[in-house]
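Two complexes come next, and they have one chain in common, chain A, joined by chain B in the first and chain C in the second.
What follows is the complex of A and B.
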């Protein structure tokens, strides 16, 4: 029983892994070409940007909030940095452009965080609002031009791969940005499980008033969460442009639901206080694999959205049912313990 | 008890002239107090007199309007939660303030880590630290279960462990024993004595006056936000404390109405069984009867009540209401059959905290307040609310105040009111007066007597022997999931109840 509990994981990660495995096996039986290093790497490639976004969403959800402006922050910061480089400083090195994007992302996140923590407004409403504001400001003040070419320093990143080898069916390569996403996953995992900041997020997500009474600096932590979301979103935005080799201000915004679905499917509770990086990674990959296999099976892409929506409902539904089951669990009387108590009282 | 320390000792912590208003309500009006090392200082007073508010001001959770908190001779016009913890003040809050999503071990250890200004969290060191304190208190807590899954008593024990794990100099306990029975209370008191010997200053708030007298060296009594008297515990007894609190005499005499011997039973429970919780439980309650159920923690008394209410249905056995078999598989089944249940863990199970008192009172009984056209009968709703609000003497400016703003004892009255408003045939109350002050206990028991007189069958689950003596026709004693004794008539005395519970 204990082993089963461990295998299942605290957020049903085990179940998710099982579903994923079943799906992969089923797909490999249907089309043997599916099971190859090439597919694995290309799945990782398409999962890169969603994964970085999902890490950001995970962090806010654990702290008891929600952020739907992350895609707007991503496109705002990456597009602004890139268009600045193209129009005024074409020789800027890649790290400076990325740094600039991250700084913009952090400022936008700070804005979200301050509004939410200072005025104690519902996070969904605030970020829905700022999402519109960010996009509007970008179109008005930065521009709406589509750049088919990135600045040279960034463009050279586009073709950097870490592992690259020939397979029977073609080339399999791991993009450098996928490695960045894996690195970020490790960092966020470490932060959530090994730092007091991580504990503060779970505590605040569990009960904000209790966290305040325990001495956690709730407001500061909340602001930092949104700054962190901004930073991660900016990185995701740059990664998206580098991998797509162009800068389109109309990208990304509108796909927020996929990300949130992946995180919730990965076991993060929409009520806060629960969620893990492992679950989130599995959730993102599962959605990618489902998308890929449906495409491979020739399902029209409109149905993909419906599938993701259904997964979101399934994820939330499972959480709700599990919560209800828990509430009905019998606090069993341990006979031996009862005996001991009785003896002690009698003596 | 050891003699109190001499007056020459410097107080560890003192408060001076604290005033606090919430809107129009004055919760505290110039309260002063000092805490000496190695002394247990009891705070007593009616529900809503300001005890918890004073504690929250000391721990930096609320800001006072005026006055100061003095720690080691340094005056602070206001504390904040972190500075209070780092200067060695630990509080067990009335509502526990635990994290439901974290494990027992994490809950116990986490605040100490916060106070230590740690940056990194070493998950491996959490269990041993928690284990140490749990063992010191000889508790049987599962360190790995999530606090949200625990029973109320285990939550309370977790909150106690959390406060004790610090090397605190001041430990404030706001009603730490509401869900505990004798054994755990005795163990807590043993630890308190050890802390006292170490020179820790303790504040203890409880409505159980025997506990107050047993553990404390000094007593301060408050009424309506002011200190009415303060002195050595040895100069007080139950009666005088109650008198100072309420301004009138304590009435605990036994008062039970005569029953109509010929009346058919309202509730019959027959061979109820839930493996692991209780076995072969049978009893009946007549209309107008108040049946007491008592037993140690984990004896199965709560599980029996929850089975009758359908929260955790029994595996086998039958329940009859007015002679008709009621198949109770869920809470709605029980409500339809005419059963009401006032749960043990009120703050988490019974109330909509952000809604008004009025809304909470009628939340369960809207269907009883419909007019001919199935619309809501507003006039009758208002009458019900006004009636219960004043009958239960809920201490709030008006019924529109949110429940969150009520004191602990007053929030409990709202739950009671909610169930009384549904006028069930059978009302099961789990600890109806836990956390209610001695003065109001009598009023609540009186209310139960009146409800019984209207024909309700009432089951009171409690381990407060004087309360059972005061209102119950019969008392069942539950041990290890079985009904072991049934007391009636002259057998119902506090001594016999205690004896049978332990036997």
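What follows is the complex of A and C.
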């Protein structure tokens, strides 16, 4: 029993891994071509940008907030940096362009964080507002041109692969950005589980007032969370452009909810205080594998959206029913609603 | 305040020097108590009042900036025709927020309703145009029924399964949107009942009929929320779910009816889409999700539940519509309008926070009303001048 519980994981990671494994086995039986290094690497490749985004969303959700402006931050910072490099400084080295993008992302995140933490406003509504502002400012003041060619330094990064070998069916290669995403996952995992900042995030997400009384500096931590989201989003934005070999200002924005769905599916609680990097990674990969499988199975791509929705409903619904059963067993009041009331009284 | 202008002849001692400002302070207390009481009674009139100011301000800014285009009857009519569809969805969003939830699937429901109507109509019209025209009302009702069905789906997920509203409606939004994409094949469908389009073009004098429909729906929902038992229950459920539970209110019933009504309103919004423009597609009004939340919050809805005002929603809808058409009149782009939306939303919320903070600080610093000796009560208003 104890071992089962350990395997299941604190955020149902085990269940998710089991679903993922079942899906992979089923797909390999149906289509033997599925199980190969090539498929694994291409899944990783298509999961790179969603994974970096998901890490950003995970950090916010753990801290008890929600951010829907991260895609706008990503496209804003990456597009601004790239278009600056293209129009005024074509010889800028890649690290300078990426650094510029990260700086812009951090500033935009800082703006989100200051508004949210200083005025204690609902995070969903603030980031909905800033999303509109960021996209609007980009189109109005930065530009709306589609660049089919990246600056040379970034363009050379596009074809860099870390592992590259020939297989029976073609080449299998791991893009450098996928490695970046894996590295970021490890860093965020370390941050959430091994640093004081990570503990502060869980504490604030669990109960902001209790965290404040325990001596955590809530406002400072919250601002830092949104700066971190801005930085991660900027990296994701650059990764998207490098992997797509072009800079299109219309990309990314609009798919925010898919990422949030992946993170929630990965076991993070939308009320904060719960969530893990492992669950998030599994959630993102599960959605990518399902997308791939549906395509391989010949399901029209129009159904992908609905499939993600159904997956979300199923995943969250099972969690909700389980939580309700548990709550009934120990005879407590509805925790979610009680939390909401406590928040109201506190604010 | 007449005491200020008319010098007090019957001002009697105590003179201000002897007992400085005491009657005035008492008058102030009484005034404050009275205003507080009034505030509490019509809680939120302050926010509705704020929207009136914003409405007038927005209107006059654009009327002054470009009167020729902005004040033209055509532009006014456009505002009146474009506002209803957004306003009706915003009212549905307000209902969900009133219970402390949110409904992200409303726009997807409205689109599905519009798609249903167009497919039914063009399907029947392909074989018998006259029959399709005569079946206009049942076809429109079918669209609203689809909306109600989606609302029931949401309400089951929220109240029976117990999924958080934001996640449940995020999921149904994706599902419904996916169904819409699949049924339309990603393209735009044409063809709506001619009667409906004629209805959309009709105006009662200067006022478009669509706008009248909007006001009627708003009035009905306002009556529902403030005058019916279910409406009061919805308010209490949002204000304090625990108190609602101990008052014997079934949160399941309340949530079920809220999301079902929201679905019905979104279905009606789908009909309004078609009355304005006889086309339906899966991605119509993609920006409405944000816009509707902006309107709901601007209109004074508390996103944590418990308070909302339909009048505020109507005013907020019109204000944003004015800003939108004003931006067009000034030749500003839709992206600049997106900036304006975001800035307005955040500015209003920050202002709200600052006001609430000031109010609560003031009430914390001030002690309760001092015990008043009887007999001095009459002179309080007349000695007001002395304190100034």
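Following the convention adopted for this analysis, the second predicted complex is superposed on the first by the 329 of 347 C-alpha atoms of A that agree within 3 Å, B and C clash if a C-alpha of one lies under 4 Å from a C-alpha of the other, contacts with A are read in each partner's own complex, and residues count from 1 in each chain.
One rule holds for everything that comes next: contacts are C-beta pairs under 8 Å (C-beta built on N, C-alpha and C of every residue); 3 or more make two chains touch, one makes a residue touch a chain.
Predicted model, so just to flag it, every value in this text is computed and none were measured.
For chain A, the partner with contacts to more residues, out of chain B and chain C, is C. In the superposed pair of complexes, A:160 makes contact with neither chain B nor chain C. Contacts of A:274 after superposition: chain B is touched, whereas chain C is not reached. Of the two partner chains, chain B is the only one touched by A:195; chain C is not. Of the two partner chains placed by the overlay, neither chain B nor chain C lies in contact with A:26. Of the two partner chains, chain B is the only one that A:209 touches; chain C does not reach it. Touched by chain B in one complex and by chain C in the other are residues 333-334, 337-338, 341, 344 of chain A.
Of all residues in chain C, only 100, 102, 104, 157, 161-164, 166-168, 170-179, 181-182, 185-186, 240-242, 245, 251, 286, 290, 293-294, 297, 303-305, 333, 335-343, 345-346, 349-350, 353-354 touch chain A in the complex they form. Every residue of chain A that touches chain C in the complex is listed here, in rising order: 66, 115, 119-122, 124-126, 128-133, 135-137, 139-140, 254, 257-258, 260-261, 264, 270-271, 300, 302-310, 312-313, 316-317, 320-321, 323-324, 333-334, 336-338, 340-341, 343-344.
Here chain A touches chain B in the complex through residues 193-200, 202-203, 205-207, 209-217, 269, 272-274, 326, 328-335, 337-339, 341-342, 344-346, going by the rule given at the top. The part of chain B that touches chain A in the complex is made up of residues 59, 61, 81-82, 85-86, 91, 93, 97-102, 106, 110-111, 113-115, 118-123, 140, 148-149, 151, 182-183, 274, 276-278, 296-300, 303, 311-312, 479-481, 501-503.
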